[in-house]
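Single-structure report; data block below.
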Amino acid sequence: MKNLLNEFPLLAVPENGKRLVYLDNGATTQRPFAVLNAVEEYYKKNNANPHRGVYDLAMRATDAHEGARAVVAGFLNAEPDEIIFTQNTSEGLNLVAYSYGLEFLKAGDEIALSVAEHHSNLVPWQRVAKATGAKLVYLYPGADGRLTKEEISAKIGPNTKVVAVAQVSNVLGLAVPIAEIVRRAHEMGAVVVLDCAQSTPHMQVDVKALDVDFAAFSGHKLYAPMGVGALYGKKELLEKMPPFLSGGDMIASVHEQSTTYAPVPRKFEAGTRNVGGEVGLAAAIQWLTALGWDEIEAHEQALMQHALAGFAKLPYITVYGDAAPQGRYGVISFNVEGVHPHDVATILDADGVAVRAGHHCAQPLMEYLGINACCRASFAVYNTIADVDQLLESVQKVRGCMGFGDQ
Amino acid sequence: MKNLLNEFPLLAVPENGKRLVYLDNGATTQRPFAVLNAVEEYYKKNNANPHRGVYDLAMRATDAHEGARAVVAGFLNAEPDEIIFTQNTSEGLNLVAYSYGLEFLKAGDEIALSVAEHHSNLVPWQRVAKATGAKLVYLYPGADGRLTKEEISAKIGPNTKVVAVAQVSNVLGLAVPIAEIVRRAHEMGAVVVLDCAQSTPHMQVDVKALDVDFAAFSGHKLYAPMGVGALYGKKELLEKMPPFLSGGDMIASVHEQSTTYAPVPRKFEAGTRNVGGEVGLAAAIQWLTALGWDEIEAHEQALMQHALAGFAKLPYITVYGDAAPQGRYGVISFNVEGVHPHDVATILDADGVAVRAGHHCAQPLMEYLGINACCRASFAVYNTIADVDQLLESVQKVRGCMGFGDQ
Amino acid sequence: MGINDLYNQIIVENSRSPHHRHAVGGATISLEGVNPSCGDDITLQLRVKDGIVQEAGFTGEGCAISQASTSLMIDLIEGKTVEEANQLAGLFFGMIKGEVTGEDELDALGDAVALQGVSHMPSRVKCAVLAWHTLQDALGEQA
Amino acid sequence: MGINDLYNQIIVENSRSPHHRHAVGGATISLEGVNPSCGDDITLQLRVKDGIVQEAGFTGEGCAISQASTSLMIDLIEGKTVEEANQLAGLFFGMIKGEVTGEDELDALGDAVALQGVSHMPSRVKCAVLAWHTLQDALGEQA
């Protein structure tokens, strides 16, 4: 992979004489000039409220909006009218929970989800369960952090109506056996809601090949601006779901006491859309995919391997989930023995290495792992082997700084 | 008012040799360099996921996020923890409808709203009414488009639990007698949900002085980027409301089967926020208010007066709502006799004048006015008297172009 | 293309005095077509018998382009078979999308070629095609 | 300020062997304090009698800063009146916000001044103040 850092203004410029080693990409990535410029260009040349004007500028804005939708559809191998623009993954998952979950689930039904789910794919389902009387059933990964076939068969059964699962866990970094899950879920008549927040940045996601029913992701984890994401849904499902947010632009006609709704996807897009953000998302997708998936995966695998190999040499480091790099995408969570992860992150930060510490919005997984928190180093396509070396070097200072004698 | 056009890249540069006369500001405004630069600066220097990291960059992002909240709070004269960031007005109004309406309304209750409401402050309440058995009661303006004291007393009564009303109608452009409405609503024990989408760009809105219970607006109508808006709610109301969107960042703690929520306002902010957009919103507010409200109102009044006086001379033009400029903010809706508004807009567009034509997301008002659609010229602080002159000149070509003999 | 070309005589004539603006006696199908973004709203009525569109008419409101388009469409389809009517709709979409441009090919559209200019005005395409989409939906339901 | 200054002896000592990490017999109040963003989670137990904090202790998990802060706080408040304890909390917040900086003024905080450095680390302020906020909430409920 060619060095991309110069394309990222925030990373290209050193701060206090030091280049930032940004390893919190699982939380949000930085944006390349290609994306920043596309957004600026939109606001400087084509900005108007799409779908709302017959004048030429409004048509250009509509083209920007629908053009971005086509790019997102291509990215996921979906049809444009199966793509709903959202503000982030969380909104997409809430939309499914409200419009599908609240509508089609009832007492006795089961919602199966992994204990590793991000709160955004968990709390909405808790609320659906509470409102409908459905039951939450958890799938637990084995000691290596991977879901087994047995667990999938055991937990997804005839009462399961929804399987909500992240393609890649934001803590373990491991891909779930999604083909297996979809097969079982569909056999049992359940729909699969795939949280792609952590997979879309690292692998090609083909919703048709996966045959998932819904898939949500965020632009900001994918080199795009904040405030834009997308939800994919199979058209026949979207069509039978009631709208979620309502208001301008999602209606066919409104009378004082009744309303009919626009066809999908507009039925689910209330109010003025974030067209600037959508243009940025399309630019980010084009920028990323132009690098080539094979190249991206090879580069990120190399980073993973180097980091995991380095950590393996430090006896006071625990890495969560199978430490083999296979099927691991962009994320390594770890703890330093005897040192709280916040203190680790503070000490690394003093060295210019930004990692995240905390529960990573996955408290049930923390409980399951028997920890309160951990550190997470998460990688993007612009990270380099030198970044990993700096991480490894800084990690080795931590215990000394905290008064342990082994350093 | 000094000429501001040079601060707006989209408006400063002529297209096909002609400067665009952009008069669809009620749909969305253009963005000044001050806003575009602030957003760019954020992405180039301070971008990270706020609230999620202990490293320095994440703190800067958190400061950007909370700093923007403080600016919005100051703008509305609210407390920062009464400000919820949203993607637009529609989301804010939906939040109130779902979290307040669905929770606290029941059969027999009444929701009072003006027939002039934008669909975003109407369809959500239709849905609440349908779900709870509450009744929608409409206030109708008089022939001059203004709500009377009598109508307010007649329609807001002891059963009224929610009064949902736009401070300024996006079609009529007239401010409602909000003091009167709030007094009556509170006497009757109802909460007031104020849609400020069309008021915040044109007048100082002080939620404390108005004593409204909720207020929503969009950044994109206020010179800020798309994809960001805010909802104000009185703290004691926000506290007793259940969350709306759920997921990351809005929780206190999550267990497999139960969740406790963060304090307001974070309880209502699920998932990664649009910090870049929030920074842009804060910059837009600072840019706008630095011009001075007296100056802004005087300038926009002058535009209104000039346009209304010009229209009054054209016998084939109907202006909707009291044609006196007093209490009119930024919006003039009109029709040209015998010509459909879409055709009017197309003909004006050929002259480089962008106005909107259609139902303006206010179909019940169209029905009430006995029309299917109308044209709307809506003004921003950067419009000039020359823009109005061009509008008046182009409007006079319309009937000739459509084959009417009077031209 | 210039605005005056678009709003040329045929359109203005058609829209100001649409000779098909009436309900259809004994209509076998009646369908509403709406452009939510602009408020165009027409109800198309057809009397189809033995696979032939015997009579058609419309009511409702809309811009000059949608009204002219509806009127021109009705001119064209009365007396045609359902299949022919569908084919004409397809041809009309082709013209408006700018995919079919040959004079000969468009010949079958008769006076409706007056609307060809709309293919350069993306914002008005919806107005031009509303009636034709409604026709296709109506014929689909009929079948 | 340097990292090694922050994690100085007192903090490390306090966090690695916090002498107040235990339940309190006959506790009159027990309150959980949580930092949702980081997962710090302490439960503070107090035995308050006749307006005096007779004994305090805590359980739970957290970073060195939150643990040290809790331990240092308990050192300080045992034997104090509820009012004094509240005042000390106010003084501590002042120090961490960087609003109170005078050595004399901070004297009353005893060893807890070791945490003054956190006032320059905004990302760790929450860790330092968790115990003290929990204390105030607990005393408020007690009253």
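Lettered A, B, C and D in written order, each chain numbered from 1.
Rule of thumb we're sticking to: contacts are C-beta pairs under 8 Å (C-beta built on N, C-alpha and C of every residue); 3 or more make two chains touch, one makes a residue touch a chain.
All values reported here derive from a predicted model rather than from experimental measurement.
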(request) Using the touch definition from the top, list the chains contacting both chain A and chain C. (result) B
(request) Just give me the whole-number Å value for how far the CA centre of chain B lies from that of chain D. (result) 46
(request) Please report how many Å separate the Cα centroid of chain A from that of chain D, as a whole number. (result) 37
(message) Centroid of chain C to centroid of chain D, CA atoms only: how many Å?
(response) 77
(message) Taking the mean of the CA coordinates per chain, how far is chain A from chain B in Å?
(response) 31
(message) Counting only residues that touch at least two other chains, what does the list for chain B look like?
(response) 52-56, 58, 249, 251, 253, 342, 346, 349, 357-358, 363
(message) I need the residues of chain D touching at least two other chains; which ones are they?
(response) 37-38, 41, 123-124
(request) Can you identify all of the chain pairs that touch? (result) A-B, A-C, A-D, B-C, B-D
(request) Please name which positions on chain C make contact with chain B in the complex. (result) 2-4, 6-7, 9, 12-13, 15-16, 37-41, 61-65, 67, 121, 123-124, 127
(request) Write out the stretch or stretches of chain D touching chain B in their complex. (result) 34, 36-38, 41, 122-124
(message) Quick check: in the complex, which residue numbers of chain B touch chain A?
(response) 9-10, 20, 22, 24, 27-28, 30-31, 36, 39-40, 43-45, 47-49, 52-58, 87-91, 93-94, 115, 118-124, 126-127, 136, 138, 218, 220, 225-228, 245-249, 251, 253-259, 270-277, 342, 345-346, 348-349, 354-358, 361, 363-364, 367
(message) Going by the contact rule set out above, which residues of chain B touch chain C in the complex?
(response) 338-343, 346-347, 349-350, 357-359, 363, 366, 372-373, 401-403
(request) Enumerate the contact residues on chain B facing chain D in the complex. (result) 51-56, 58-59, 63, 249, 251-253, 262
